[in-house]
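All chains are identified by letter, namely A, B, C and D, in their written order; residue positions are counted from 1 within each chain.
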């Protein structure tokens, strides 16, 4: 239903192909690697190596805070990151406090680290709830909520997600705010959210920060790396890289594989658009 | 009355903002308590506002129904509330609420597919707009095309596998020219936000003054 | 395979394809899915916000934290917007939220988005360990300075300023392109992962009985 | 012990510079003195044309601040206020030209009173408060996925004359902008979130790029106080240039920028 444009000559036609053919081509080429996997290698980038090292280099017993922003809508992009990261954490002796800044967070967490059912099941690593990790649930935090947590976690969460007062949880005994935390893992899906963590955790508290986010958010995170940001994973591609680095194979490899062909019809259309533009300008 | 209607809210606004700022520059125990209290308050107010959305959603859907009154429109109307009550019922009935296995089943199998594909559709809408706009007409459009295509190809494994130089080139685009341009954008937007912020705290922001 | 897997495969695939059908044209399947998703999102929001309200507001209040009366009352005042006579009362909660938001914004923005950005721009030039690093640092410096010039509103972009802002525009376009590419590939991931759901669960498991 | 926060001297200096400049220019504006001229923004001029086109085509005007455009207590609050100023202006234009306005409200339900207040205010300023219809204030839940579905469905059912989108946009705008175009509408808009500015640059007929939304909001407010904000921002930019120059000079002299800007 786009407004009709003039279709005079070949150059005009090249620039006005029905894009639905491109859509169809992409969909068809998505199915090809599903049936016949290509199995191309993945190269691990420096931000992923730094991200992994930030986790495994922490001394045993260090406290990791997790500001979790995973939702179901964009889970495909981040599932690999979550599973590989939680498996890496559970393989170490870190203590972890997790809170959610999106409403779907608790449900996604249950899906990923639910005891006995999760894709990165803490029980398989011998982790005990309340001693090795604590889930605080969701609050519509926004940046002000992050500020409150750096000051006093108990002002936002008087109980954990299951209703147990924080004072009755052994691991939380000496954890009150940013001063008691050694590393922050921030996960978010809105690219500018990185600024919350820079402003409320890194600047005033000098907190070491690692992040996981969508592929599109890398350009927004890049200005802070390396420096305020120790390492980062953006998108399923870097999730796959962490799977390789940490030795925890997961869903990322297949996703990366399927991407390979589906982009080709789009590139073809991009080429046609440019030939059309060139022709209209110079060949008429 | 104009004091209660217009000035007092502005005083509350300024007081809240200035207390936080004061505590930022001169941190004190009492200031931290105030900061934690105020931030908790805003979160609570936000939670209470949820039902306002339901009211607006209902009246606008009701109006659409009144406009057409066709069977299919009744069906659409029922669909919203059908899904809403199903999710509410499962979330409230089963132990564990939104983390109960039953709720997770709904979220993972139904909602995830639907909302996931909404983002998927954007691949197609972006592709179609890129087909129209990613043409080389000037140095700027060339820069847009180069920045976009190189960084895109860097993220698809087949292209770095064919030409390994794409990986460092993609990283370079991301960490050098993107940072240069993006940093200027971030600084300017921050300055503008600061100016609006200062105007707001001084009680002179038009959007906060004029609401009748 | 249990019946719930079959239901999940059919219902999940139907909803996936209903959204995808939007690319063809507006149709009842799309509309059904669209109405459904609004209902789901609102229900989810009610469930989690009410739990959050209970945990953060009501329970601590009952336990004796009486200051929480203030946000509870202010929260209710939001609803006065529905009355013509008392709509002005809704300005109170709005003002409080904006005041807190503005305070938090200012204290974080000053350093995080201005001073530290300036600091990093200079450090990029002077802390590089090799010539390439210094060169990159200089490129970043030029990009930062020139892209700021692009947003100068009170001078005409001619002469020297015109040239500098033109350089800034090139940097900005590369940055926009990189942003676009990141989003585009993410969305591609979403399409293929959802179609993989249809392939794995509906086609392979249910229809072909494999896997 | 009460003490000034370590490492926040430059924060205070910048805040004082901007506050003092704000005081100076706002006083100037209040006295009716002349303010620096601002270059014209094509997108702002196009808004009236777009609303006029909608009236001719008998299609509604759509306005959106983004699925997450109602953030009152986050750092994006300035952008929310900008979106509200635009809502006010679009309502004024619609009242002036007798166009039907559909407002797609953000997911943050707590911002609804502010959005409705601005739209009502716009109609009132043109002397047509009766044009306000609450049912045309649409709400679709707190997620981008439901918001985009609601907005696109509205385009399909009710048509699009012009779609004006100014505010906080995440991954909602690639659908809402492209589908507005698909249904024959004209797109005008922008966001201060740089990460999504590309979508506006690609899909809008007239775009407000990054910081331009603040300048645009000041222009449409016709309020000298708001207009003075642009001049204040320019001083801020000059100050930033000064900081860069100082940092470079001191670095050449052997003082690291980490030291210069670290106290």
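In this section, a contact is a pair of C-beta atoms (placed from the backbone, for glycine too) under 8 Å apart; a residue touches a chain by one contact, two chains touch by 3 or more.
Source: prediction; values computed, not measured.
Engineer: Which neighbours does subunit B have in common with subunit C?
Structural biologist: Chains touching both subunit B and subunit C: A, D.
Engineer: Using the contact definition given at the top, which chains are in touch with both subunit A and subunit C?
Structural biologist: B, D
Engineer: Name the chain whose C-alpha centroid is most distant from the C-alpha centroid of subunit D.
Structural biologist: A
Engineer: Where the CA atoms of subunit A average out and where those of subunit B average out, how many Å apart are those spots?
Structural biologist: 16
Engineer: For subunit A and subunit D, let me know how many angstrom lie between their CA-based centres, rounded off.
Structural biologist: 28
Engineer: Can you tell me which residues of subunit C touch two or more of the remaining chains?
Structural biologist: 19, 22-23, 31, 33, 37-38, 40, 42, 44-45, 48-49, 51-52, 56, 78, 81, 87, 91, 93-94, 97-98, 100-102, 104-111, 113-114, 116-118, 120-121, 123, 141, 144-145, 148, 151, 172, 175-180, 182-183, 185-188, 190-191, 193-194
Engineer: Please set out, as single numbers or ranges, the residues of subunit B touching at least two other chains.
Structural biologist: 21, 24, 37-40, 42-43, 45-54, 57, 98, 107, 111-112, 114-116, 118-119, 121-124, 126-128, 130, 144-145, 149, 151-152, 155-156, 174-175, 178-179, 182-183, 185-189, 191, 193-194, 197-198, 200, 208, 211-212
Engineer: Hunt down the residues of subunit A that sit against at least two other chains at once, touch-wise.
Structural biologist: 1, 23, 26, 71, 73-74, 76, 103-104, 106, 139-140, 142-144, 147, 156, 195-196, 199, 204, 215-220, 223, 235, 237, 259, 263
Engineer: Provide the residue numbers of subunit B that touch subunit D in the complex, in ascending order.
Structural biologist: Of all residues in subunit B, those touching subunit D are 21, 24-28, 39, 42-43, 45-46, 48-54, 56-57, 59-60, 62-64, 114-115, 118-119, 121-122, 125-126, 128-130, 133, 144, 182, 185-189, 191-200, 202, 204-208, 210-212.
Engineer: Using the touch definition up top, name the residues of subunit A that touch subunit D in the complex.
Structural biologist: 1-3, 71, 73-74, 103, 142-144, 189-192, 195-196, 199, 204, 216-217, 219-220
Engineer: Which stretch or stretches of subunit A touch subunit B in the complex?
Structural biologist: Residues 15, 17, 19, 22-23, 26, 38, 40-43, 45-46, 71-76, 104, 106-107, 109-111, 114, 117, 139-142, 144-145, 147-148, 151-152, 155-156, 161, 204, 215, 218-220, 222-223, 225, 235, 237, 256-257, 259-261, 263, 266, 269-270, 272-274, 276-278, 281.
Engineer: List the residues on subunit A that touch subunit C in their complex, please.
Structural biologist: 1, 20, 23, 26-27, 30-31, 34, 74, 76-77, 103-104, 106, 137-140, 142-144, 147, 156-159, 163, 195-196, 198-200, 202-203, 214-220, 223, 227-228, 234-237, 254-255, 258-259, 262-263
Engineer: Tell me, which parts of subunit C touch subunit A in their complex?
Structural biologist: 23-25, 44-45, 48-49, 51-52, 55-56, 59-60, 63, 100-101, 104-105, 107-109, 111-113, 116-117, 120, 123, 175, 178-179, 182-183, 185-186, 188-196, 199
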